[in-house]
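Multiple structures follow.
One chain, subunit A, appears in both complexes that follow, with subunit B as partner in the first and subunit C in the second.
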Partner chain A sequence: MGVTVLQPYPLPEGKSGAYIIDHLSKRLLSLGATHAGQFLVDCETFISTPQHGGAPSRAVHVLHNSEYPASTFSIIDNGTGKQVSLVADNIFDLLMLKMTATFASKKQTKIESRGARFEYGDFVIKLGSVTMMEHFKGILIEIEYKSCVILSYCWEMIREMLQGFLGMQVPKDYPNYFTTQTIMNAMGQQQLLHAKHNDLYEPMDTVKQYLEQFTNYRKHVNVHVGGAAGVSVQPIHMPPSSIVGVGVGMGRP
Partner chain B sequence: MDKLNSTLTAVKSLRSNVRQCFEHLADGTDGEAAEESRNKFVHEFQDKFGAINSQLREVEQLINALQVPQTAYSLGNTAYLALETAQDRHTLYPQLVNSYKWIDKVHDHSFLAFNNLNQNTLRRSYNYCSQKRPRLPFSSFNNDPDHIDKLLSEINTPPHTSYRVFRPFGSNAVAIVTISNVLKAAIVFKGVLIEWVTVKGYDEPLEQDDLWAESRYEVFRKVQEHAHSAMLHFFSPTLPDLAVKSYVTWLNSHIKLFLEPCKRCGKYIASGLPPTWRDLRTLEPFHEECRNC
Partner chain C sequence: MSANSVNISVETTCENQIREIGYDGTELYQPPPTLSESLAKCAARIDFSKTSLDDLKKEEKSATEAEESRDKDGNQFQESLWPWDAVRNKLKDAFTEICVLSDVISIAKDKRYLVLDPLLEDGDDTKPIVQVYSRKKAISQAAQVLLGGAERLRNAHSEQRSRNISDFHIELLRLRQNWRLKKVSNAIIGDLSYRTAGSKFNMSGTFEVTKAEELADDDQLQGQNSSSSSSSTANGMPIKAASALRVIVPAELQGVAYIKVITQKDQEDLCSAQVNLMGHGPNITAQVGVWQKTLEFAQNVLFCKELFAQLAREAIQLQAPIPHVVIGNQIRATLLPNIQLIISLCHSTTFDSSQPAPINDHDHVLEHSLHQLLREVHYKNSHHPFPHPSSAPLGPSKKRMMAGPMAADRETLMDMTKSQTILEQIIAQAQHIFMRKRTQYVLDTLARDVKDPQIVSHWNAMNSPTMSCVKINIVTHGYDAIGRTSLVIHVKERSLKCICRDGRVMRLSYEPQELRDLILCQINSHQISCLVSLARCMAWTVLSNSNHLGIGKVEPLGNASSCLLASPNGDRMIAVQIRCDPQIDVKVYIAKSPRQDFFPNPLVPEKLWENLGGSFKEVRFDKIEGKSFLNKMEFLMASLTSNTA
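== the complex of A and B ==
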């Protein structure tokens, strides 16, 4: 387990996702990387049923990562940007099924990223195509440096690697997820979260990055997300019945 | 015979031209922005490509002009090999040639290795050292436990490095060094001499009952390799305390293992690894490939 950075790959005009994936995997293979299986990250969102007294609705995101096949990750989001995360055994999925009275699944927002997995030295590179309800949404590139546990130590290495096979400039700053972020707390005030780039990296951080990207894709319904890197999304608080495809106030760890 | 000779020469020059062309391609252009150098590059490539084409045609013509020899060439005793009638022995000849080549290579390499090993002075046997310097008291391997404790506490450690000393093998100490959040290393002492070093990643377990397993990460396996060669470099039975101190200083320079680019090529990654080698004197980072060139 090491530092992982998740990057959306901007789709050029007139190129299909399959073409880009094929192109990138050819580049990786000619760089000397080896093909090492497949991967899958999926995310399902449950929304609490409206209750009397107008309590704010909550969203529970349940994610699976094939890199950690025995775990189910869940993130509770109360709409203010504050998130409570939990790692549980796979049986957690069955528990969620029992809770249909309080949490209803939003099947139409089930989203996943799947594709090929490559290894190069201690790097693991995953080229994932994101699909929601069988609709292609975009390409997410995950790069993990297994032997380092702190982003600020190895960001320059990861950046050089990314630039090497993507063939484009990657900004020098740390990715959005790792920098200081503002969230809205329960009182409606702005609150600064401390930057994560000097923290020990945990598998949950990977999952949270996926959730952040998935949320962006869900918001851009029917829009090709090009260059969504660095797009900061303001937390939105909406009742669950408002718009299909809009996650409720999530996207902010 | 003349025709054959000239054909062979043509083939040779074709090969060297192709090689030059590829070298030219591999070198690439100087700068990304300069349109002029790019044009020049493309023109040069086209020229070379044209030359290859014309040479290829020439070779083809020469080959067509060759005649099938009336009598077989005399190949000496090896000709009998080809006369083998059994189907399954037909492949023996190329295999024989190959194994001859390999034996030649093994000969050369072992000769070089023998010379090298004879020259170097990295012998760690105590008898050898004490014979050379009989007057010096040689006691680095049976020091008392307090001395090692004192020595390790004397090393002025940077704040990011921590030491944990314990003695699973009687009086001999094992120090587990944790350098920031980058790596862990177990240094096994015999007296004051360093006997073995194991390097592992920060998130890998390194406990006293498992000191010998290798890291699961390529980069730390490489660092361990280098740590062993440094251990031999700093080895000094006559000044053991100094040897340990300089070794630990060298090991501490790995704090920036992932942070510093290679001093020679200026890149972070070479064949999937960061600069794993630290210069023994200057502590500068180098890739394994860059350090000798």
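== the complex of A and C ==
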């Protein structure tokens, strides 16, 4: 279990997701990586039923990661950006089924990232296509460096690796998840979260990154559909690549 | 009944008493008393002591009764009698008794047929002396009973002490303290198997306990001794008294068994081991009797049989590159090419007093390991980790239960499912023992043969059954502070891993030659690196050094290393080349500047070119004074350093 970084890959115009995945897999295989199975990360969201007193509705996200098959990850979002996370046994899913009185499942927003898994020395690279209810949303690339557990020690190497096989520029700063983020705390003030690039990396961090990316994909749906009110207030910072990348045509060698 | 009249109903108010209120609020009313009940109520109020009024009331009552009874039907009349019936009977009885009493008194007054005599009163209390006598008699009778019992006990006790043979029951008590016994109909059956400790072996380990036969005369006594204390003759000690009980063990568990483990290399014994649960020598205390040893031997036989059966089963099921061979009571497994591990079950049922002494050079470690491995299997069978929470399934180990909340990844989960059989484990341990012995042998012979830098090896005191570590220091005597080459070698089951000080990791196979070559190469580089440090101490300049010199003949082993030194004032140069083919071969050359043999010639006319050094002359290094290479180099450098500034 090492440092894992998620990199959304911007889709160029005119090319389908399957073509991109195929293209990237060929590049990885020619580099010398070996195909090592499939992976799946999925996320299901439960919204709490509206209560008296006008308390904001809370969302419970339940995620699974095939890299940790014995665990179920769960994150509670209470609308102000504060998240409470939990790692539990797989039996947690059955527990959620019992909670239908308090939480309603929103099947429409079940989102997953699925694809092939490649092992290349100390790296594990996963090319995932993100789908929500059978609609293709984008491509997420996950890269894990197994030998290191602190991002600041190996960020440069991961960046070099990514640039090498993706063929696109990766910004020098740490990914958004690892830098300081501002959230609204309970009193309505902005509060800076502690920067994570010097902390020990945990499997929960991978899952939180996935949740962040999935939420972005969901918001794009909302924006495209017609601006239906968002489900929850998200952190103010948006990862620059996911928005900017959509419009920029990538000139690749 | 005319249309204008109004029907009026008159009802009593329902003022009945509530008898009971149901749980749902319904009220049960006591029905109003029937007329007969009210009559009984009134009759009960009659006080028969008042006679004058009684008759009056009686007449009244009877009158009302007659009135009412006429209104009712026959049944009612009958029922109204019942409350009176008791009263009437009682009156009748009383009247009868009074009549009888008056008759008796009148007859007694006549004194012709009946006389009344006064009752004799009891006399005064008996005299105290009578009481004393009666109590004394009672107590003496009780004393008689107690004395009789005590006499009997004393007789039994003295009888016991006079006999040499201990009581059956005492022996049984001792037996029961050590072994599990139970009574089945008339016989006493015991269990010496490991079933309650977690074993799943089919062979039953039940034995029977019986009383020893009565001893008629001395000959029979001797015969009894030899037959019932059969296993004790192994000690050579004569047992004076046979025990009062005899244990009968099943035929297949009689005798003595042990498991012999031998590592064989091409028919030669390298090391051997013996599994034997018994302590050697006369450890058995005489107090517990001869049956203890019999039972312990039988239990040992059972344990060895179970162990061997388990190993044989695994040997057949396991897929090894060279298949294991099971013949009769022997299992052959291959550890390394030409090295075999032979495990055999030796079960001897004949009791010869000259039992062979245990093999003196056997290895206790493998013996103990086999014993521990089977006990570990037993333990896992009987102890299951308790799940937290208690509703979780019973079965997965604690590590597996924590794998979910701790986000264990796939490799960890896969590793949890792998488990090794006893045979695999003992093969791994035997392989490791063999590798360790071989590595020790290589290091020791190298340390003996190579005198110049000294090879010091420190083995870790703590190691696991399948891995040991050794740290090797290569130092030159007298120059420890100058430099030292260290490396760590991890000895595993079939391979070695060598980690050098600069971080290089090399993996070697089980061939001893590879380790030897590695150490020789390390010696090579040690000499040069120490020489470089020594030169600095002597103020000589290191012009260049190289660990992988690519000149000269191709070396059969490693690479040649070299070093080029210049004296403090630059007029002398030393070139050293060390090769490894396979003895360490040192060549030293020196050059002088200015050259002695430079003569100006038309091609190179100026005299100043004599300062260009370069003609090296070889030094007969073996003739130089000095205990070691570094010592000789130090002397050489010292002699070549000139005084001029």
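We adopt the following convention: the second predicted complex is superposed on the first by the 221 of 253 C-alpha atoms of A that agree within 3 Å, B and C clash if a C-alpha of one lies under 4 Å from a C-alpha of the other, contacts with A are read in each partner's own complex, and residues count from 1 in each chain.
Heads up, the rule we're going with is that contacts are C-beta pairs under 8 Å (C-beta built on N, C-alpha and C of every residue); 3 or more make two chains touch, one makes a residue touch a chain.
What you are looking at is a predicted structure, and each value in this text was computed from that prediction instead of being measured.
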### Task
Could you tell me whether subunit B and subunit C fit or clash when both sit on subunit A in the superposition?
clash
### Task
For A:S147, select first, second, both or neither according to whether it touches subunit B, subunit C, the two together, or no partner.
first
### Message
Just to be sure I read the superposition right, which of the two partners does A:L166 touch: subunit B = first, subunit C = second, or both, or neither?
### Response
neither
### Task
Tell me which partner A:A195 touches in the superposition: subunit B (first), subunit C (second), both or neither.
neither
### Task
Using the superposition on chain A described above, determine whether A:L40 touches subunit B (first), subunit C (second), both, or neither.
neither
#### Entry: Contacts of A:Y120 with subunit B and subunit C, given as first, second, both or neither
first
### Query
Is A:M96 touching the first partner subunit B, the second partner subunit C, both, or neither of them?
neither
### Task
Go through the superposed model and pick first if A:P203 touches only subunit B, second if only subunit C, both, or neither.
second
### Message
If we overlay the two complexes on their shared chain A, which of subunit B and subunit C does A:M1 touch? Say first, second, both or neither.
### Response
both
### Query
More subunit A residues touched by subunit B or by subunit C?
B
### Query
Is A:M157 in contact with subunit B, with subunit C, with both, or with neither (first, second, both, neither)?
first
### Task
After superposing the two complexes, find the one stretch in subunit C that runs into subunit B, choosing from 187-195, 385-393 or 457-465.
457-465
### Query
So which positions on subunit A get touched by both subunit B and subunit C?
1
### subunit A residues touching subunit B - in the complex, by the definition given at the top
1-2, 32, 120-123, 145-150, 153-154, 156-157, 160-161, 164, 200
#### Entry: subunit C residues within the subunit A interface of the complex
400-401, 403-410, 413
### Residues of subunit A defined as touching subunit C within the complex
1, 67-73, 87-91, 202-204
### Query
What part of subunit B is in contact with subunit A in the complex they form?
181-182, 201-203, 215, 217-220, 257-259, 261, 267-269, 271-274
